[in-house]
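In order of appearance the chains are A, B, C and D, and numbering begins at 1 in each one.
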Amino acid sequence: MSVLEIVAAAAIGLGSLLMLATAFGVAVFPDFYTRLHAAGKGDTLGQALVLAGLLCLGGDLTLVVKLVLIVFFIFIFNPTATHALARAGWVSGIVPWVRGGQDPGAPREPGA
Amino acid sequence: MRSTDSLIVRYIARRSVPFIQLYALYVLGHGEDGPGGGFQGGVIFASSFVLLGLANGWGYGRRAAPARLLDPLLPLGCLIYLGIGLAALLAGGAFLEYGALAGSDDPEVRRHWHHYGLIGIEVGVMVTVSAAMATLFFEMARPARVQARVDRVGEEADRA
Amino acid sequence: MPVALAAAVVVILLGVLVLLRRVIVGPRLLDRVVAVNVIGTKTIILLALVGYLAGRPGFFLDIALSYALINFVGTIAVLRYYEGRVRRGEPVEEEA
Amino acid sequence: MPDAGGPLLPPAGPAAAVPGPAAFADVLGWLATHYNYAIYILLMMIGLYAVLAKGNLVKKVIGLNLLQTAVFLFYLSIGKIDGATAPVVWTDRPPGAEGVPYENPVPHVLMLTAIVVGVSVTAVALALVVRIREAYGTVDEGEILASDEAQEEAESARAEAQEAAADAAGARE
């Protein structure tokens, strides 16, 4: 096993564990915004790590270009989708969760 | 359908359209040795217009792919398909026998023309599929005020 | 190396299984959309990993790339539907 | 993956006349090797249930799509060959992969056509739903039927009233 393969295996392992952590975050966090927080950050970094690990396995130029393109697209599209989701939640009047269950501010009207 | 209030979504949608269309053309060209071809490339191409219409509003997307451009493209794709098939027939082969287009019996030349014919067919399929998909989306997402105008024009034409 | 790839596939599939619970229980429509969006990202990675496992990475990366594009369009489409209902003041959640 | 060339049903021997433990084991063994059939039936029944039982017309369309997807999965799974690769020309075969066969491409091609047809069917169904929503203001089947009935009753009541008025006019003459 060469050094590059060890790096690849480490990156793929770390990335897949990060994606598993994302899944648990979305599954167990208490409210919409905290779940969104887990989904937007963990998945974007996790997929980049896994694909970087695959990049270390080598291949011809088209393979490298495709991997870089996938990382690039997800780095743009995933935060945009997360932003749009958070915005939709805020506009529709979902109130952020705080410990103790009290509203953090004045009650919000839907569509405000 | 109005545009979203979010500047980020609108900007990303607008800027990613050329990338999506370029990728659709790549998919179109790799129908032989990859998961591609006319159907898939056409759908990806149309999805760029769908994204524009969703994020920037119906009118913005419709201006990028107007009806007077899409409506002739629908039958044009079928005509390309039929034309290549008939051209092979006229060149002395069977219907859609691309090799006959070469006009020579050299197997190497015939193999090249087989590729050209196949790509031509795929282009025809892609033109029709992408035009049909974009038309489906824009017709179904038509806002009420545009629908009212279309209805009024239709009624006036009926009365005349 | 195939062992590491297969292990990553199993770990990510476990994550999808955990996310499916969120898709089913909700409780809001937006929670389901978040979970489905994350499952979409995981699907892209799964496609890439399976491609390397099957020995045809270029072939599967094409599919992964188109899935990345389509996933974004799908999420935006659901959100536009949601936004429209909120703007018109219609109920956005299932009444059941 | 299930053996595509295996017998479709367990052989019906004399033991199958009285279902004993052997026949039960036969069925279990068949399910273990043909589990794609079971998944296909399950998915199809879920889709059929949605089409039949859901009141919301959009959910009916979703059920129809689920039904279609079950058929796609079924066809693709019976085209699977153990250890085979996707039926697209493999130009850059690595050393050691020379003998790898292709899967049966016929179900793939059939399902490609079926997907295109399915998209068209979904589009037509959704267009109908949009028109129904414009005409009735709802996409719920029960409300649409109730609205239809109310309209028919109103029309028949109006016709009866007209008839009664005509009779009264005739009697006066």
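As a convention for this text, contacts are C-beta pairs under 8 Å (C-beta built on N, C-alpha and C of every residue); 3 or more make two chains touch, one makes a residue touch a chain.
Nothing here was measured: the structure is a model prediction, and the numbers come from that model.
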item: Centrality ranking, top chain (CA atoms only); value: C
item: Pair of chains with maximal C-beta contact number; value: A-C
item: Chain A-chain D separation of Cα centroids, rounded to whole Å; value: 34
item: Centroid spacing, where centroids are CA-atom means, of chain C and chain D in whole angstrom; value: 23
item: Distance between the centres, which are taken as Cα means, of chain D and chain B, whole angstrom; value: 28
item: Intercentroid distance (Cα basis), chain C paired with chain A, Å; value: 11
item: Residues of chain B whose C-beta touches two or more other chains; value: 4, 9, 16, 34-35
item: Where chain A touches two or more other chains at once, by residue number; value: 73, 77, 80, 84, 91
item: Sequence positions of chain C contacting 2 or more other chains; value: 58-59, 62, 65, 69, 72, 76, 83
item: Category of the chain touch graph - line, ring, star, complete, other; value: other
item: Sites on chain A touched by chain B in the complex; value: 73, 76-77, 80, 83-84, 87, 91
item: Chain D partner contacts - residues on chain B that touch it in the complex; value: 32-35, 39, 129, 136, 139-140
item: In the complex, chain D residues that touch chain C; value: 85-86, 88, 90, 92, 94, 97
item: Touching residues (chain side chain C, partner chain B) in the complex; value: 58-59, 62-63, 65-66, 69-70, 72-73, 76-77, 80, 83-84
item: Interface residues, chain C side, partner chain A - complex; value: 1, 4-5, 7-8, 11-12, 14-16, 18-19, 21-22, 28, 30-31, 33-35, 37-38, 41-42, 44-45, 48-49, 52, 57-58, 61-62, 64-65, 68-69, 71-72, 75-76, 79, 82-83, 86-87, 89, 92
